[in-house]
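We just call them A, B, C, D and E in the order they show up, numbering each chain from 1.
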């Protein structure tokens, strides 16, 4: 019991981060709305950033900008990595949004179910066309 | 054994492939196109004959081509058995080429270029199988036969032909990948080599602690994998493949394809496992019983076939089992007899198919029941037919007698006297399904509306079939080269 | 204490973003989420990251999402009770919940061996980073260690990062632009 | 001499730079983007070959970016494995670039072509960046470059379904990348370093740490998503089907291969093989999964009517082979797996290029559309036959070589029961490939009309018998790949030599 | 949602005069701050990326207030396209210059700019500027492309 309390006390940051990640991941997987998925994935990624930053924290450390000797600094490397990751995240979001706009233009909906229904319609129509083509072929020869 | 290095085997294998290129180039000039085929067959036969003296001197010819992977070479090694098969196949190819030309022109077949291309590829692959020095090369050419003959079986492009070709492919390719390839994997894994050796790879590798179960499973996979040998239950493709044009049936399904299968089985028994190992595991006798079963059952089925080619096909299934049967006896005479049967059956069956083709080309008859009195219209053809069928029944003075004699000797040597009954029964069955045709042809009246005037097929078809019929006759009187070679095979085993 | 408060708020934000049917609200909440996250980053002394998160996460991302929303639909489709109780919909929910719980459990399992929060002896703080802290001024003549690492030691990653941004720009042009010169 | 020393970085920076330049210069000449793409990928190919030769001579190249010593800076570490994969990727990129001109002209709007080529170059740069780097976070960055480019490339497909396929890929790809990011985070927390060589040294002491276990799990799942291992393959068929032909070619031939490379590097390079086998049964799990991939991928492929979708599912099966060979973790199987990276790139590249030719000429993507095509496009169909036979694993083609090694490796590992799996995969691929080959050469008739022959023996022409082959600029590269399929099938010694060295290195 | 309205230059736009004036007033300051952030990445938080984003944001603000067309008048599409590429080229170019100067890729200290310290300092400045340019103009481009309504957009 004490172990568990100790575990939570010393690592509550990580646990919250994991909770956030899972909320984001759940939104991404379970949502049927394309934009909602993007929101979920953003939450997921930003939580991962927090994980990195939390890991870089050193007790009594200060921001890794040199100002005096004998000061404890936080680990700067995860900060650098996360700077890059944030950029990646926003780039992905931008591309995803561009795709969504195009999808909406083509299908008129941003719901997965709606898109699936339209795709099914497309397929049926294609099959009909194909049959027509076959009939044409056999009648020509 | 002395080894001679030479590139002649490679040339012999490649000659038909070169002919393919020429055939494609002269696509639109039929006469020139066919002359390439003939020329290639002659050159090839010449090349193979040129190797004969060396082999008869007791030497072995080797020819290395390329290393595909470390441990996996494409390599030729010509010993008595190889040249025996190559000689048979390449000689019969010459005759078949003439016959094919006559046949496709008489019937005005479509896609003749493709036909000749695939034919050449198939014969090239057959020679490859005959010459191969290791199981990998064998497998390679074995598959090449399947692919090249597929096009011939599907040649007519009718739904029936497509269906037959499908069965053909499923059986031949399916089993060869599923079983033969697995067996090759196992062999390589267990022994580290695929090169044939005189005592058998597995005999050589016995020291490595291979369990009996492993050996039995591998042997089973090998036998199941060579479905070209048409052992039951892997025979179903052969009757279905009869949708192919008759020269294809004649040459490929009496000589090249099925004999390659048989040849691979012989190689597996003699050079992969070795007769001593198989005797020790008692696998030989099991195989012999399987072969006996196939022999009897397919003969019985053949009795009931009305379609001439189907009857011949089932007869082929039965006759092939003779070869397996002889080798499975694992005795010198048995092996000699089975090897002799390769050539004797080849000559006999090709004659029969040639005759069937000639009959079809002239009268468009395919059924046995329609053949009443046909001997009067086509005397040469039907005399040849009679000779060949008598030979396959095993009546002296025809070639068939020799192989049956040796097989019987082999049975006695093996001490399996009861099996001799199988030989007797199967010979009787042979007679039962062949003799009625001969009887009908010569002693029954022609059906109404047909006159008895002579109406033979063109010379291009008749001459080859007469020649092969004479071949069956001469194999009895002068079997020397073939018999010598067969005996050399046996001698080399030790 | 304030840290705990912030963490609480941020969890609430995440949950709200999950349940919001109005996508515009969800987007705004995502912006708030990012902004609070930036605050937390500041609390954890990651000032550069906080700066970036505030300007990118809370700023640009929100603007882009709103722009995209204006061209698509504002409201998520509201499933009726019947649709929500369809086996396929339930199945999807259960499966994703299961996946998420498994992933979360694995992650929590991994934290058992993790050094405590803020542990100066953690391997992450002991191996590579001390050199950055000790030598960066001398080696790259930068006061800001993050910039020193970003542009100096790991300058190549930053080239990659710039390329990612460039790629995103070209991708968006490729996807959305209609004619090259209008 | 100096430039030769800098080749490892030039192979990335030069294509990157030109990818950036392409949109600037495109307005001067319409063909310029294509010319740049072809020239630069050719340069990359030459460079990768020279790197390969150097590696074979010296063993390992290490390049310190910015002159910083490895654990502190980013290192390019080139050994047998990535030199080999780099050569494969750059070669395929070069061939596909050559091929792309006419196909892109037809399938992509003219005003989008310059951006298209730019993204195409970035895609290749990203892939090569993943392969060449020796830093685990750098892998993530370049993975994202190639992924973003990949999403846009797929979305360029002609049908609107391409957008949805691309979006699905984006979601799954981003989840995968984030998983990889989590894996990097855990492993960094455990070790404090990001350099692969350094990780390799420091990890054995930490093998009991739960963090390392979790990191491995997340890497595995993330990379499996990226390389479309069986239950996580769902994005792949849609993406390959709807992407433009050129994109399908390059993605099928290189993207998943690079994913496999990353997996090999991380599972075997970072985590040692002892760790994989002794601490968690990840190898066993992957053996089961990849066996399922082989069977399921091929079985799904049989059910398809769209040619590209069929090939995509076949890719799923072939990826199963690569992963299976790798996780068997013995030399023969690993060699087979590595050489299958090349072999599958060659044959799948050729097959997708064939599809591109067909689409260019006829617009048909359906399998039934190939009926009797041998008269119309004999060369293209010959390539299809060769590459198809290769997929079936027929000897004398590359497909046989890798299957041979993987099967022998399975036996060496004592897993004889994998032989039926490998064989079944082969047979299933025979079903879906042979079916098409037969239809190409022995056309099925449409119901309602009889076979007709002319006197000369040739078939009376129907609408497909007119000879109308794809342009040589497309046919040439396609045939080159097919020729290599055969060449490396007959004489596989050269690539095998490298693959064997790479396998030995990974299994050390 | 004001920017959407801004795009359609109709009369109710004039009601947003406050927004226009405020944004016009703030724009230069924001831009100044952006340059400050880019330039002072070495001393405090910030750098090329953050500065670039702020620079981009200032223009986005202007566009929101004054509309797409007005924005495009100030910053043509062609120019921003060129700037996008320029940033990356500056970055990669500095790296290649380092190679030409005899160092490794991106080894700023080898640049022939007096002392190693100065060279390294200037090198980092250079790449920060490169990053800043690319980021700013990519952000602007993405915003322009995403927010631009088209005739055939379906109304929701």
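Keep in mind that, in the parts below, a residue touches a chain if its C-beta (ideal position, glycine included) is under 8 Å from a C-beta of that chain, and two chains touch if they have at least 3 such contacts.
This is a predicted model, so every value here is computed, not measured.
J.: Indicate, using Cα centroids, the chain positioned nearest the centre of all protein chains shown.
T.: Centre-most chain by C-alpha means: D.
J.: Please indicate which chain is farthest from chain B, where distance is taken between mean Cα coordinates of the chains.
T.: E
J.: More C-beta pairs touching across which pair, C-E or B-D?
T.: C-E
J.: Which integer distance in Å separates the CA centroid of chain A from that of chain C?
T.: 8
J.: Centroid from C-alpha atoms only, then distance chain B to chain C, rounded to Å. What do you get?
T.: It comes to 72 Å between the two C-alpha centres.
J.: Whole-Å distance, chain C centre to chain D centre, using C-alpha means?
T.: About 30 Å separates the centre of chain C from that of chain D.
J.: Rounded to a whole Å, what is the gap between the Cα centroids of chain A and chain B?
T.: For chain A versus chain B, the centre distance works out to 65 Å.
J.: At which residue positions does chain A touch at least two other chains?
T.: 21, 25, 55, 63, 65, 77-78, 81, 83-84, 87-88, 91-92, 94-95, 97-102, 104
J.: Touching at least two other chains at once: which residues of chain D meet that condition?
T.: 16, 20, 23, 65-66, 137, 141, 144, 148, 151-152, 155, 182, 188-189, 194
J.: Counting only residues that touch at least two other chains, what does the list for chain E look like?
T.: Touching at least two other chains: 43-45, 49, 81, 84-85, 88, 92, 95, 105-106, 108, 135, 142, 145-146, 150, 153, 156.
J.: Give the pairs of chains that touch; include all such pairs.
T.: A-C, A-D, A-E, B-D, C-D, C-E, D-E
J.: What part of chain C is in contact with chain E in the complex they form?
T.: Those in contact with chain E are residues 47-48, 50-52, 55-56, 59-60, 63-64, 66-68, 70-74, 139-144, 146-148, 150-152, 155-156, 158-159, 161-163, 165-166, 168-170, 172-173, 175-178, 181-182.
J.: How about chain D: which of its residues touch chain E in the complex?
T.: Residues 2-3, 6, 9, 13, 16-17, 20-21, 23-24, 63-67.
J.: Report the residues of chain D in contact with chain A in the complex, numbered from low to high.
T.: My answer: residues 137, 140-141, 144, 148, 151-152, 155, 160-161, 163-164, 166-167, 170-171, 174-175, 177-178, 181-182, 184-185, 188-189, 194, 366, 446-449, 462-463.
J.: So in the complex, which bits of chain C are touching chain A?
T.: For this pair, the touching residues of chain C are 4, 7, 10-11, 14-15, 17-18, 23, 26-27, 30, 33-34, 37, 40-41, 44-49, 52-53, 56-57, 60-61, 64-65, 67-69, 71-73, 76-77, 92-93, 96-97, 99-101, 103-104, 107-108, 111-112, 114, 116-120, 122, 124-125, 128-129, 132-133, 136-137, 143-146, 148-150, 154, 157-158, 160-161, 164-165, 167-168, 171-172, 175-176.
J.: Could you please specify the touching residues of chain D with respect to chain B in the complex?
T.: Contact set of chain D toward chain B: 389, 393-396, 401, 404-405, 407-408, 411-412, 416, 419-420, 423, 426-427, 430, 434, 438, 441-444, 451, 453-455, 457-459, 489-493, 496.
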